[in-house]
Amino acid sequence: MGAVKLLFVVQRPPYKSENPRLALTHAIASQTAEIYMDEGDSVVPTVVLVGDGVLNAVKNQQAMKLYGVTSTESHIKNSLLIDMPIWVCKEDMARLGLKEDQMITDAEELGAELKTKFVSYADIQKEMESVKHLLFF
Amino acid sequence: MGAVKLLFVVQRPPYKSENPRLALTHAIASQTAEIYMDEGDSVVPTVVLVGDGVLNAVKNQQAMKLYGVTSTESHIKNSLLIDMPIWVCKEDMARLGLKEDQMITDAEELGAELKTKFVSYADIQKEMESVKHLLFF
Amino acid sequence: MAELTIGVFSSLVGSMSLDFSFKLAEAAMAKGHKVNMWLSGNAVMMAKKGQKAFKDYSHNEKRMKELIGKGMEITVCEACAEARGYHKEDTPEGMKRASMDWYLAKTVKTDRLFHIGGE
Amino acid sequence: MAELTIGVFSSLVGSMSLDFSFKLAEAAMAKGHKVNMWLSGNAVMMAKKGQKAFKDYSHNEKRMKELIGKGMEITVCEACAEARGYHKEDTPEGMKRASMDWYLAKTVKTDRLFHIGGE
Amino acid sequence: MKLAAFLSDWRRTEDSLERIKAEKLGVILVGNGIYHAVIKEGGKDSPVLSKAGATFYALSDDLETRGYTAANVNSKVKLISYGDIVDLIMSEYEKTAWL
Amino acid sequence: MKLAAFLSDWRRTEDSLERIKAEKLGVILVGNGIYHAVIKEGGKDSPVLSKAGATFYALSDDLETRGYTAANVNSKVKLISYGDIVDLIMSEYEKTAWL
């Protein structure tokens, strides 16, 4: 089958549901899926934060300090560290009054080279069309 | 303390959440709460279905036949059987286009004397004010 | 001081309403109030001992035990627990199992009822 | 026939999305399709055996066992299960436990993925 | 793309359906999503049913579970069974989205 | 009545808050409810904050968990701690409602 593209679509805000976190942890798991696959096969995930899902990428989340739980921010940064694309919808940021300086833009402190990509909805639509499977969370 | 009035407020439709069902089963449990109470104490529950919660009282629910699960209808009828008041908000029925002949109006087949009471929101507001505790589901 | 009864219906991992409830109970007890807690619906997920404290998941077992140790009364809905496969031997120490009427009875004498009915 | 992989994340009792998933799996297998099922998040509540079949609660253990008997592959998220206190010995017969990568790998060869990501 | 989109809620908390474009789009109402097929809030059809170019389906098991029958269903919506959903997913559409 | 009403969702699925009347009403934003205190969708305050006669509170732990600070909070809303919630429930208000 070769490389199979997957799109993880996070539509809702963090913490009230486990699902945005599970979107990230499942996408990250694509890195270790090879043990279950045939030679030459792989999965290529992209995570998009769209609608209220863009709230997952607000920076300085204190979930660990206050509730002892890994923040969604930390999962996003770990994603960047393993070069997994994180896309955030620009129109939804604008609608919710979010500026880029409020958002997780990179994970340089971890040594990640990849940065968050701020994209238009049209780019997300295009990606939905190009992948094999959609995973809405 | 004597008799303590409780108001169970069901605000959402059945089945997508366990909570409307739990409102009814908890209210019904007031019948057996005496074993934990002092002589002369009692709880007097009323269940109101308000907002989309009125959808819980649509009759002919086939949950048992199709999913093997007791219907919310059956819980409402058991409530009437033990003389527990079930109130349904008339304004919300009108908003959602529900007529009285679509609704659970009684549980005569079980031998219940009490009937569903179709009330205005003003009556519900008054009851909220008169009870000791509110339990929103 | 006064008595507060908290009823919770939300799952262990998810909405964080259980985390909220335990932190609130802790704050209330720190102010000298007596706290009772009723766990029903998916909140009976607290009635399974041996939960691993991974950092990716809400974990309330430790705080719950501390609060029980300080006098919090905590009871879970027995039928809700059995339906999920949690039996008597799964129950953490100090937690009671009872029918829903336990909660109803608590509403009589408690000064405040805080019923957290959502998921 | 073709292969369908269903991923489910909803709790045992509540939204009835698990009931939906098992009934859909049954219908797909009746039509000759191969079905794989991945349970993660609160759907790992299926990974606790001995659930009492009360009529007031969703109960999927029986249907699940039948489908496993007919060849459905079903795997639960191991970490999600441990966080909820479900250990290896709690797992119903025929159900596997694995990391999330199991699910990811299934997406490669499956003809259709039906990812039920909501509560 | 050919997309089967599932709605299982009455009060929705996303706007994904409104935004998605698909050359072939099926909207499948399941769970509390079936209320979109039977309720005319304030006398009007659910906005869901105005999604342009979509074909609408509702799962009859979930309709009957909630006390409704075919007679209540909006004429835009086709009633289907679990078996029909399997055929839609496996044959008519290529991708699925549970919104 | 003196009522403390809790909102824990951003996209709400009830209209109870809009309808409830109370001579003294506290609206306490917790969990994802805190977004009502910090987001101006389309440039406007959340409709929640227009509830007449209410006093608005937001739990600072839940605000900071989500990446916000006091500087982001609408001037109508007072930031509070868990201890403050206890005092509000036990002393300021008589009844509670988790909506």
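Side notes on the structure shown:
Order of writing sets the chain letters: A, B, C, D, E and F. Residues in each chain are counted from 1.
What we mean here is this: a residue touches a chain if its C-beta (ideal position, glycine included) is under 8 Å from a C-beta of that chain, and two chains touch if they have at least 3 such contacts.
No experiment lies behind these values; they were computed from the predicted model shown.
Fewest steps needed to get from chain A to chain B, stepping only to touching chains, is 2.
For the two copies, chain C and chain D, the CA superposition rotation is 180 degrees, given to the nearest 5.
When you average the Cα atoms of each chain and compare centres, the chain farthest from chain A turns out to be B.
The chain with its C-alpha centre at the largest distance from the centre of chain D is F.
Just to note, of A-C and E-F, the chains joined by more C-beta pairs in contact are A-C.
Centre-to-centre separation between chain C and chain E, using Cα means, comes to 38 Å.
With centres set at the average Cα position, the gap from chain A to chain F is 29 Å. Averaged C-alpha coordinates give centres for chain D and chain E that are 24 Å from one another. Here the spacing of chain B and chain D, counted between their Cα centres, is 33 Å.
Shared contact sites, meaning residues of chain E that touch two or more other chains, fall at 8-9, 11, 13, 31, 61, 96, 98-99. The multi-chain contact residues of chain C, meaning those touching 2 or more other chains, are 13-16, 41-42, 56-57, 59, 113, 115, 117-119.
Across the assembly, chain A contributes 12, 15-18, 25, 52, 67, 133-134, 136 as residues in contact with two or more other chains.
Annotation, chain-chain contacts: A-C, A-D, A-E, A-F, B-C, B-D, B-E, B-F, C-D, C-F, D-E, E-F (touch as defined at the top).
Across the complex, chain C is touched by residues 6, 8-9, 30-31, 61-62, 81-83, 85-87, 89-90, 94, 96, 98-99 of chain F.
By the touch rule above, chain E contacts chain A in their complex via residues 1, 3, 13-16, 19-21, 95-99. On the side of chain E, the complex with chain F involves touching residues 9, 11-13.
By the touch criterion stated above, chain B contacts chain C in their complex at residues 1, 4, 6, 17-19, 22-23, 25-26, 28-37, 41-43, 45, 132-137.
On the side of chain A, the complex with chain C involves touching residues 15-18, 21, 25, 64, 67-70.
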